[in-house]
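I have placed the structure first, in the form of structure tokens, so that the comments after it can refer back to it.
We just call them A, B, C and D in the order they show up, numbering each chain from 1.
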Amino acid sequence: MTWPDGATHAVSITVDVDGTYGLPRGGEGSSERLTARSERLYGVVRGVPRLLDVLAVAGVSGTFYVPGAVAIEHPATIAEIAGAGHEVAHHGHRHIRPGLLSAAEQLRELEAGVDALESVIGSRPTGYRAPEWELTPDTLAALPSLGITHDSSLMCDDRPFEVTAGEGTLVELPVHWSLDDAPHFARGGDPHVLTSIWDDELVCARAERRHISYTMHPEILGRPHRVCVLERLVERAAAGGAWLAPHRDVVAHVAA
Amino acid sequence: MTWPDGATHAVSITVDVDGTYGLPRGGEGSSERLTARSERLYGVVRGVPRLLDVLAVAGVSGTFYVPGAVAIEHPATIAEIAGAGHEVAHHGHRHIRPGLLSAAEQLRELEAGVDALESVIGSRPTGYRAPEWELTPDTLAALPSLGITHDSSLMCDDRPFEVTAGEGTLVELPVHWSLDDAPHFARGGDPHVLTSIWDDELVCARAERRHISYTMHPEILGRPHRVCVLERLVERAAAGGAWLAPHRDVVAHVAA
Amino acid sequence: MTWPDGATHAVSITVDVDGTYGLPRGGEGSSERLTARSERLYGVVRGVPRLLDVLAVAGVSGTFYVPGAVAIEHPATIAEIAGAGHEVAHHGHRHIRPGLLSAAEQLRELEAGVDALESVIGSRPTGYRAPEWELTPDTLAALPSLGITHDSSLMCDDRPFEVTAGEGTLVELPVHWSLDDAPHFARGGDPHVLTSIWDDELVCARAERRHISYTMHPEILGRPHRVCVLERLVERAAAGGAWLAPHRDVVAHVAA
Amino acid sequence: MTWPDGATHAVSITVDVDGTYGLPRGGEGSSERLTARSERLYGVVRGVPRLLDVLAVAGVSGTFYVPGAVAIEHPATIAEIAGAGHEVAHHGHRHIRPGLLSAAEQLRELEAGVDALESVIGSRPTGYRAPEWELTPDTLAALPSLGITHDSSLMCDDRPFEVTAGEGTLVELPVHWSLDDAPHFARGGDPHVLTSIWDDELVCARAERRHISYTMHPEILGRPHRVCVLERLVERAAAGGAWLAPHRDVVAHVAA
């Protein structure tokens, strides 16, 4: 593959802004758990600005996957993300794992998410990522008719590929748990170890001249002592000659 | 924010002295588990003196969150903590997660905790921290009428803020799992990694000129090979020009 | 023990190619979990070629334990493994833990696995490894009559030994969880730590002049940033004067 | 405290030889789990000799806590341990957690364990350690009448102390999970980190001129790449001027 401007490889920074909907079953039954809710809320209030600052300093545009209900609850923050040039994409409506819902409910979640994002940022999303990375056949099949052209929920390759979705196709930009901050910090991980792992992955992507997506959460990587992981990642990506681009631009390039 | 004596930032050392009430549901049903109880008891018998020694050498006053029942069971230890100039604050009565109790039971736990601490240290606590960091709306709403002016159970910011509590307000001094020793050592963690993480957080708090709270447990950080984490933390905080103060003093400064 | 060509010790690289059958109960009930399935599929599509490349560069033949159903689903990949000179051995049919099945069902799984591998690679396997490393008396007893001469599922020694299996015997090439990549990376482990552990085991095997088996999974160690663990392992084994051989060759040597 | 020969501190190496009885509920219901059983059996067959070699080279006598049923199943190994000058002490009969049993069953387990050890090593044990470190009031109360003079199951101090047991008293030699190899390696831990933690504990014990007990399992620390943890521990203990002694000798010294 070749990348714009002679870049050796391509890197996407993706951020899942789950807010309190990131709690189990989208926070259903957790309304009285003030501390658990406040831990998630930190991501929107403090984590997002911190991540945005790092991206602004580095001049990097990323893709922010946002559940519709989070956009409705925090419209100014989500509009600010879009206004800074980042892609705002679909991450369900209430961030409920699709596999827990019927096909009809899955469709309603998808439609509600599109409507919510459109109402907040003024345009319909073209990218989708399944809540909790559990894509189902019903959700996948419904995506093209909603205007979605790319998905980022599968792990069966480490290069962009085409995936059949109902009667259409999508570009898949694959992910992996080792490229996600959540498992690493689930039990108090060391940021320096994650920096080392993510840098090794960068070296591999460069050697294979391919695209790679990193996934982070503002309530996790946006904590003060962890944001250095993103700082070093974008520094090293740029120093290595990568094209740093949001998913929509990677898809446009791959399709062209 | 500015801090007393031209300090660049402010640091609070907080210690949760849970004793055997730190077992699930405050130790209910664990009366025959002698080893599990003895593991927790270590904190009161050996851990607290070791932490007090480190704080005394460094000339630092901290905030000790103590369940009322622990104060009644170990009055001399808790009185010694207060006598050394540390703040003794409210950490429930039997250290039962508020979300497991009805609103009436939550209120009784709060009242019993205030009474117990007052009987042991001669004054009513003005600070509160929810057992197992699970604050509920009912407990939060009840705090002001009990004379509580500050809480330390929420995670939605990393700066002190005002929180509505029933018909009053409290100053919230927020916390986080990464600033707590318990998750790090839940599965045999490395003290040197925690020292590194906590030092990175100190550097961030200094850069942002803000307040930061660290939380520790005497049966965890008071183990011989782990107490160095506290030693290095207070050394580095002092060397970095921090104001090291208990929560009550931080609240008084912030309110002024 | 002595090894061919004056080698000081013997090393087997073994790879479990579980595919989507590596999900609980062989993937039963997971047909709609597209992401979970895709994570496993990565091993066959991307992980196996990457591991094969490392082995080809190093000139090493390994043993690939393959469930029959995986061979049927991916015949070209499995035939390519065999064609490159690696041993393809029996790893159940649907990769269901034998202890979950009746004796008759266990036998059917064994027979189906033999038939599937024979249909894909043209010869019957002579080695067996129990799915999820849970060997049962019924499965063990059935192995000799199916033409199996060696097993690699037990942990009671670190040297090859003879094990009674029904009315026959097998050569056992023992394993251990610390010599398997799966537990190490179950929660986001550091490849450099595993390299260190595996190198220490290599030094011990050399000092004791014995055989050692390493076990890996293509969806785990075949991820870009982890394949270096295999690269360094085969480099150090060769540099230390080891005989690197598949299980069938070790068994032939031990039997001779 | 003072220690023999002017030693600054005292160190006991203790080994729990659980064999297949170390499986949940003493292995009840696990008879068909050949791999799980073989993992435990490794400790008796390969781990114990490896640990004995390290202790012999260092000239150190330790305390081996052995369930009665393990002694009956492996009499030669247990007799060899005793013959090499190590203390063989009581670790239950079938290694069933006392809290799972009635008071009468607990007593029967204790008696069976005493009888089994006496039949194998020719003398009655004087030390006890509760299976899975879950001492109960009933078991504790029964110990003195069985000839037990010291216990090693509690965690409420890090110095030897006297504990009331029924109508008698015992010397307690306390333990802790951080001084046990099992939690550290439960998920694939790094031996070098455990060496560092145990060395830090040694330094603390020396500074406080006290006794310390380390606990290990032959199927865990007796694996090839982990035995270095014991080698380094006894080297550093000796180099630091410690008195290395089994529990019975520490108890005799403390009582005198």
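By our rule, a residue touches a chain if its C-beta (ideal position, glycine included) is under 8 Å from a C-beta of that chain, and two chains touch if they have at least 3 such contacts.
Small disclaimer: the values here were computed from a predicted structure and weren't measured.
Shared contact partners of chain A and chain C, listed by label: none present. Separation of chain B from chain C in touch steps, taking the shortest path, is 2. Of all residue numbers used where chain A meets chain B, under half belong to both copies. The two sides are thus made of different residues.
Between chain B and chain D the CA-based rotation angle works out to 90°, given as a multiple of 5. Between chain C and chain D the centroid-to-centroid distance comes to 36 Å (mean Cα coordinates, whole Å). Per-chain Cα centroids separate chain A from chain D by 50 Å. Taken residue by residue, chain B touches two or more other chains at 187, whereas all remaining positions touch fewer. Chains touching one another, given as pairs, are A-B, A-C, B-D, C-D. Across the complex, chain D is touched by residues 99, 130, 133-138, 140, 153-158, 174, 176-178, 183-184, 186-187, 189, 193, 196-197, 200-201, 204-205, 208 of chain C. Against chain C, in their complex, chain D makes its touches with residues 32-39, 41-42, 45-46, 185, 187-188, 190-192, 223-226, 228.
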